[in-house]
Amino acid sequence: MVKLHAARPPPTPRLLSGARFMQGDHACAEGALAAGLDFFAGYPITPSTEVAERLSDRLPAVGGRFVQMEDELGSIAAIIGASAAGARSLTATSGPGFSLMMENIGLAAMMELPIVVVNVQRASPSTGLPTMVGQSDILQARWGSHGDYGVIAYCPDSPQECFDLTFEAFNAADRYRVPVFVLMDEVVGHMAERVVIPEPGILSIRVRKGPRQPPGKEPFLSYAPDDDLVPPIAHAGEGYKVHMTGLTHDERGYPITDAGVHHKLVTRLVDKVRKHADQILMTEEFMLDDADTVLLAIGCTSRSARHAVRMARAQGRHWGLLRPKTVWPFPSDRVRELAASGRVRQFVVPEISLGQLRREVERLTRMPVINITHAGGAMPTPEQILEAVES
Amino acid sequence: MDLSRAQVPHGLVHVIAERCKQCDFCISYCPVDVLEYSEDTNSKGHHFPVVAAGKEQACVFCRFCDLICPELAIFTSESQADASDG
Amino acid sequence: MSIPVEANISLVDKHPADDLLRADRFPHILCPGCGIGTVIHTYVRAIMESGVDPDRHVCVSGIGCSGRAAGYVNVDSYHATHGRALPFALGIALHKPDLVVTVISGDGDLTAIGGNHFIHAARRNINLNVICINNFNYGMTGGQTGPTSPKGARSPTAPDGNQDHPFILPHLAHAIGASFVSRWTVLHVRQFQEAVLRMMEKDGFCFTEVLAPCPTSFGRPNNFAQGLHEMEMYRDRCHIENGVSRMSDLQIDIMDPDWPIIVGNFVDVERGSYGEHA
Amino acid sequence: MSIPADDRVQVRFSGVGGQGIVLMGRLLGKAAALYDNKEAVATQSYGPEARGGASRSDVVISSQPIDFPFVTEVDVLVAFFQEAYQRHRGRLARGGLMIVESDLVKPEHDGTEICPVPATRMAEDLGRKVVANVVMLGYLVGRTGVVSRESLEEAIRTTVKAKVVPLDLEAVEAGIQLARTHQQQKADEAAAP
Amino acid sequence: MVKLHAARPPPTPRLLSGARFMQGDHACAEGALAAGLDFFAGYPITPSTEVAERLSDRLPAVGGRFVQMEDELGSIAAIIGASAAGARSLTATSGPGFSLMMENIGLAAMMELPIVVVNVQRASPSTGLPTMVGQSDILQARWGSHGDYGVIAYCPDSPQECFDLTFEAFNAADRYRVPVFVLMDEVVGHMAERVVIPEPGILSIRVRKGPRQPPGKEPFLSYAPDDDLVPPIAHAGEGYKVHMTGLTHDERGYPITDAGVHHKLVTRLVDKVRKHADQILMTEEFMLDDADTVLLAIGCTSRSARHAVRMARAQGRHWGLLRPKTVWPFPSDRVRELAASGRVRQFVVPEISLGQLRREVERLTRMPVINITHAGGAMPTPEQILEAVES
Amino acid sequence: MSIPVEANISLVDKHPADDLLRADRFPHILCPGCGIGTVIHTYVRAIMESGVDPDRHVCVSGIGCSGRAAGYVNVDSYHATHGRALPFALGIALHKPDLVVTVISGDGDLTAIGGNHFIHAARRNINLNVICINNFNYGMTGGQTGPTSPKGARSPTAPDGNQDHPFILPHLAHAIGASFVSRWTVLHVRQFQEAVLRMMEKDGFCFTEVLAPCPTSFGRPNNFAQGLHEMEMYRDRCHIENGVSRMSDLQIDIMDPDWPIIVGNFVDVERGSYGEHA
Amino acid sequence: MSIPADDRVQVRFSGVGGQGIVLMGRLLGKAAALYDNKEAVATQSYGPEARGGASRSDVVISSQPIDFPFVTEVDVLVAFFQEAYQRHRGRLARGGLMIVESDLVKPEHDGTEICPVPATRMAEDLGRKVVANVVMLGYLVGRTGVVSRESLEEAIRTTVKAKVVPLDLEAVEAGIQLARTHQQQKADEAAAP
Amino acid sequence: MDLSRAQVPHGLVHVIAERCKQCDFCISYCPVDVLEYSEDTNSKGHHFPVVAAGKEQACVFCRFCDLICPELAIFTSESQADASDG
């Protein structure tokens, strides 16, 4: 007989409510705990290691499971498995590890098992500058696994948002049954600021949509979507005898070799995000109402951009900032709207990548896009942004 | 001990013909050679095991044919009949 | 329906184990004479005899013909990507430690692409039952050489015969600390089933290698064109030695007709499975 | 970089690994952000070259939201070590304050105001060499008022292990005392003809 | 002492000159052999396995080395290592394996070690439909590894082009020292057609640009680029005592933690391809001169598109086809030119993906883009293309 | 320049091994008391004594502090991604079989993320010399627990002490078929150098585990705050046993002060290295 | 799908694994593409369900470049097996030709022209069952002329192992002979009142 | 055998001061305690080994200090001087 794992009594609370001075990596860990994190599997990598280190202490203390795996391939597979058993599960990594996770991110998408992956971006490609900042995994987060699928990605710009958006990430993953990424960057991951963690009862954790039938005779259709395109989920051990596979499958979850079924399935996987973009999208707009120049920036770079807006305003110029908190889905409609407003003359896109974000903006407008790029290791400063626009 | 009254277990063979792929395992490994192939084939063209003529009472209910079958296409049940050689 | 169309046989349409099968998917896609079906059969029999509610059994496979096992058993079952069955199963087993999680997958899935997870799951003594179906090749992709392919075996990627040394899987499993290690063939159904039952009742990382014919991909170019041919070879050459002491004696050379193949339950120790200590 | 006029103060702590440089940044930032009702950002250097080698931590404090999180120039530089002094002195703003561990750093005479603090010796006098960083923090607070003494003490109380708190508070006191002395000397000098 | 590997005498020729009836996978293998392939490492995966299977026989027979690895992570690392030792090296895979190669594709880019990777695309995401066609790894090929880097990708539309473009791929890899992909699809990989292999002496194999100094005293700068941005290369065993790393490095190849160096290095990696796009780009133009409707399609889908053009022309309509043989770099200038011609009214993009190619076209023009998509398992037929445009 | 500034010492600025070092990069980034420097030293000494032209030596590392080794030796040297040093080296070794390819990397690089390549390169008996610097942790990333971390060792990811069973690396190497297997510590410089020389002259997959202090990451939380402390422990507890027969005796528990640590050359067999047969 | 008028001929071979179905496609395609100066594309079905199960290969032949590589409808269907016949007969074009292995397929009477070929028996008569597929190819060529006999023979000579060639050529001959007989019968029938 | 004429090897110690990180290995493991730390420090602040006072002739040229040094900061050369105790 199998012995039950004796869970440790929780000596510390899940929610460290109140104001704390905390680095982004730790805030991210706390956000996950606040969201009900059950299971973390990971492999250390700079600059994300602090997420794991904090959870190695905090998660078991609240009755969850922390596992340090042999590599990132194992980490991502383990959190998908845990999710299949009903866990809110997380891994944290950086570029090289994120690349290794690509195959199984596709599995999570195909099995529709909710997971959250934190990628604290560093200067890339390859091993690059492990301790220095990058923002160039943005397109990888969208397209890095083979095939078409839908994902959601958040880009926090502060430790507070590392907490807030990691919390959101779990709700979104469970709501849409897609892989959700928290695309941090080394700057927000390592900087410490005030982080206010709400009192218990304030944050609401979304519960996964479960079967509406009792387990038993009627076979449960794991992949029969509701009108919202998302099927209810049954977990290992709940008696529904589910089958899940990365192969193209029918509503029962059984493999089927059929192009029509494949097309329908994959279209739904993409549409789950596409058709709910309105509900998923989160942006910050700063002084945008009367702006003729729109800065679009994410993560730490948006802090420089925000400052550049302040400086420009101080000089009487009409600048504003559109900050995607969700880079995927991208706030395309809002960009199009701004472009069509008649007011906006130009977009300015500062980023720590050689034009990944710019491509998205370019796709949406024929307006001039001023791109201020750094390949990694440093972020554009407010002054560099001002200068680039002036010249 | 009265050997004449010992009950030799005795089995009845059941086959799910459509599942059989004619792998030979059950036929080859029946310890008392109870089985042989049918004349008929199933819809995939496979002959399936049947009890050989004259072997109707031979099955000793060892269940090996059942356990070894990769298709779960054959099994045996214990016969009601008393197999004492009385 | 039970139509005895031939006088001397009872034709039926349901098997006593059908409740534990996804019977609507039968006959399965595996080839005639393939040993994988027997492994599936043994696994469901073991579930029936385990005394554990089927709802508490979970089956995880990777990709390959062997990996199709999960798709045919009527318990919660998962068909992970190639090589990742073990960490996927680990996630389940550690999150719900009251479940009995069995991994059934192929030699390629578990010991080629999945080799790293194999050695680490065993090292950590994760509470998993692992059935490695060793058919000496990558059946699903057409029979290429794998890490258990015997020296000399011909394959589409070893036209002149394999020159690599194969793994001795029980030796490897032992060296990395598995709590239970055995090897059987699908011909040894009874002993194999006992081993699976032992794994189900035992804590920690338990490993059984089961040798199984793959007539289509491995057999054809290597003189085992039918499943039965390989079964006959096992009947002729297998020796049972439980608790064998020199693990390196477990080497297999199926191409050499005089080579004895040792099967048995080799290791059964207590080590304290992962998480027990917490 | 020109930042729109605000009361942004930028502090850099520099030394070698093991001197508690990172903790200094965290304590100062925490004091400002949680107990002084200011905005504060603490950052630090990472990198394989930091392994047992150079260590640096920065704190930006302001009453306004801090967008750009890094120091643009240094208002107060605390150098715990000769090499750190050399490496960072060029970043000091005009009129900035240079605080050095006076037994480990031999500053050059370039017109910058230098505050020599024998923090390690003072810590040894208190009984534990490792509180040199807290002595230094006390000095910094006493000398600059960038955060209140109470806030610094609260930051210490909520951060370090309970049994270390009393000694740390003594270290703060020692630093503040030295700052007072220096302030007095400076006033005296200014008063002198 | 190390024993020398006794190379087998080559009993068969490298070039199987003449006309053959061959499937695309085999033609791809022959193209690699024609290009001087020295080293192949791979792991079987449908529908690319035939590339490896053919090479397991052919490559050792011409004195090269075929290794079947334990997985795709090992395969890609092995061919990069072989390239470091001077080999023309290749691996072949499909989506799931391609995903697993992403991390080390970044390494090849960063070390500037030429490699060729064949991806025979199947219906995806995840395990998908292993035996059926897909074209949805296009954006992954460009963005699948973390960070910014440059790549070249060819999309053959026939077995003949599988031969031709695989041959090209090796030359391009050696010329620019970037990872080069042959993005086939299951249809071209598995279909058999006439393939004409040239007589010896016709094809010219580009020789890697080597050091212009003898090995010895002067340290060789592995990463000092010439005016063409490409540095000469020295291989293991040539006496130059090179050092190569995936970390950001200086011209000597030594790791350096410096944002400026990083920016310069990564910009060059991207520019190597960007600035030579003219020389790299290959397109087919079919009846484009007077076209008002431009079909843009790749690989097998372009065969339906070409046929649709014929059908439309037969109906008197002015259709034409622009077929990128190199999907990366993308023929952006040509698309812009066509859009600006005044003649073209619309673009039609049929593809076996849910709009990956369309995104590229959309980025370049505001003109209507009709997108005919299939998620995988089947390709749009000529009739479907005609119908989609009509409706 | 050779300026004896102190009367009783000859101060110089060049080491006799400098030609085999990238001396302009010295002092290296490794911490005071780190054992990796000694391994680099031993490797270059072995090159000097190997009788093989340094131009025919190649060094490959992965990522980690140990992985920095390749960057300091003045032979063709490659710093692959984390875990991939072995297949990278395999590519070199098989394409240019006349080169002497040595892989120097960490326990994490070779046996955590790189574990699969390790078992397969050994199984195939690829002609590589592998020096695994075992410092019982992931030094580079700050000391997290790794597959060789002793039970009970504290780390940033095991605040209550490691509960996993560590690998016995020589046992594993043996089970998967390595041709040469040894274990030494950096204190045993002479024997270690002999082992490296033996690997250089021997064909096939040769493996040496070398125990090395990591005072910064492993040592601090585990009572070896200085490199010397760990060296002293090795001096006190190491037993040399060449050709040990029970590989499982090679278990290490460095947290237990009474546990004997066995070092030695354990395996040296001929198996025919990969490609030999061609 | 309507293809602009050309002489496109679409042939499908269907059976189960092991019957040499794929080879038939390759030989026919090769004959057309290399020795008949035509364009030809051969494709085949893959899939786990093909494992020991259904097997199919298609050939499209034309004097024009073949854009769309798959059969759109089947002009000649060769069915080696009952299930294959059932599965594919619906794809046969009006006026298309159905060739069946007459010992293994029992065709239905639906108006389609059926050509019964006891290929396996004929192959057995030649001495090796495995050449049934070549017998069938011979028949197909004899009956349809889609490629020339010479081209088919050349395709065989350049594809199969040398020692098999003579037998294969005999098989072609046997197939062609039967086709001639059938053609004759058909002519006779047509001639009959 | 005339012991008085046996040549005891004798070594001269060389140090690259800038490389030393003061790890203690050479000093601790010199079998004849030849070495001790310098008064001075190098530019990183590390004391480096020097020959202890009175030990000028003590080095037996075993080379252990050299071999063990992780920084390649110390080595010894064989002294020309005849170390016979005559």
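We just call them A, B, C, D, E, F, G and H in the order they show up, numbering each chain from 1.
Going forward, a residue touches a chain if its C-beta (ideal position, glycine included) is under 8 Å from a C-beta of that chain, and two chains touch if they have at least 3 such contacts.
Predicted model only: the values in this text are computed from it and were never measured.
Engineer: What is the graph distance from subunit C to subunit D, where chains are linked when they touch?
Structural biologist: 2
Engineer: Return the chain pair with more inter-chain C-beta contacts, choosing between A-D and F-H.
Structural biologist: Of A-D and F-H, it is F-H that has more C-beta pairs in contact.
Engineer: Please compute the C-alpha centroid of subunit A, do the same for subunit C, then give the distance between them in whole Å.
Structural biologist: Taking the mean C-alpha position of each chain, the two centres sit 38 Å apart.
Engineer: Hey, how far is the Cα centre of subunit G from the one of subunit H, in Å?
Structural biologist: A distance of 88 Å separates the two centres.
Engineer: Centre to centre, by mean C-alpha position, how many angstrom separate subunit B and subunit G?
Structural biologist: 43
Engineer: Express in whole angstrom the distance between the two chain centres, defined as the mean CA positions of subunit B and subunit E.
Structural biologist: Using C-alpha averages as centres, the distance is 59 Å.
Engineer: Mind pulling the subunit H residues that touch 2 or more other chains?
Structural biologist: Only 44 qualify.
Engineer: Two or more other chains touching the same residue: where does that happen in subunit D?
Structural biologist: 47-49
Engineer: Can you tell me which residues of subunit A touch two or more of the remaining chains?
Structural biologist: Within subunit A, residues 46, 70-71, 73, 96, 103, 106-107, 111, 126-127, 130-132, 245-247, 257 contact more than one other chain.
Engineer: Looking at the complex, which residues from subunit F come into contact with subunit E?
Structural biologist: Counting only subunit F, the residues touching subunit E are 22, 25, 52, 54-56, 58, 60, 63, 70-71, 74-81, 83-84, 86-92, 94-100, 116-117, 120, 127, 201, 203, 275-276, 278.
Engineer: Can you list the subunit E residues touching subunit A in their complex?
Structural biologist: These residues of subunit E touch subunit A: 73, 94-96, 98-100, 102-103, 106-107, 109-111, 121, 123-132, 134, 136-137, 139-140, 142-149, 245-248, 257-260, 262-263, 265-267, 269-270, 353-356, 359, 362-363, 366, 374-378.
Engineer: With touch defined as at the start, can you tell me which subunit G residues reach subunit E in the complex?
Structural biologist: Subunit G reaches subunit E through residues 1-4, 25-26, 29-30, 33-34, 39-44, 46-48, 50, 66-69, 72, 155.
Engineer: Taking the complex as given, what residues does subunit F use to touch subunit A?
Structural biologist: 63, 79, 81-83, 112-113, 115, 138, 141-142, 144-145, 147, 156-159
Engineer: Within their complex, state which residues of subunit E touch subunit F.
Structural biologist: So the residues of subunit E touching subunit F come out as 1-8, 38-39, 41, 60, 65, 67, 69-71, 73-75, 77-87, 89, 103-104, 106-107, 111, 215, 235-247, 254-255.
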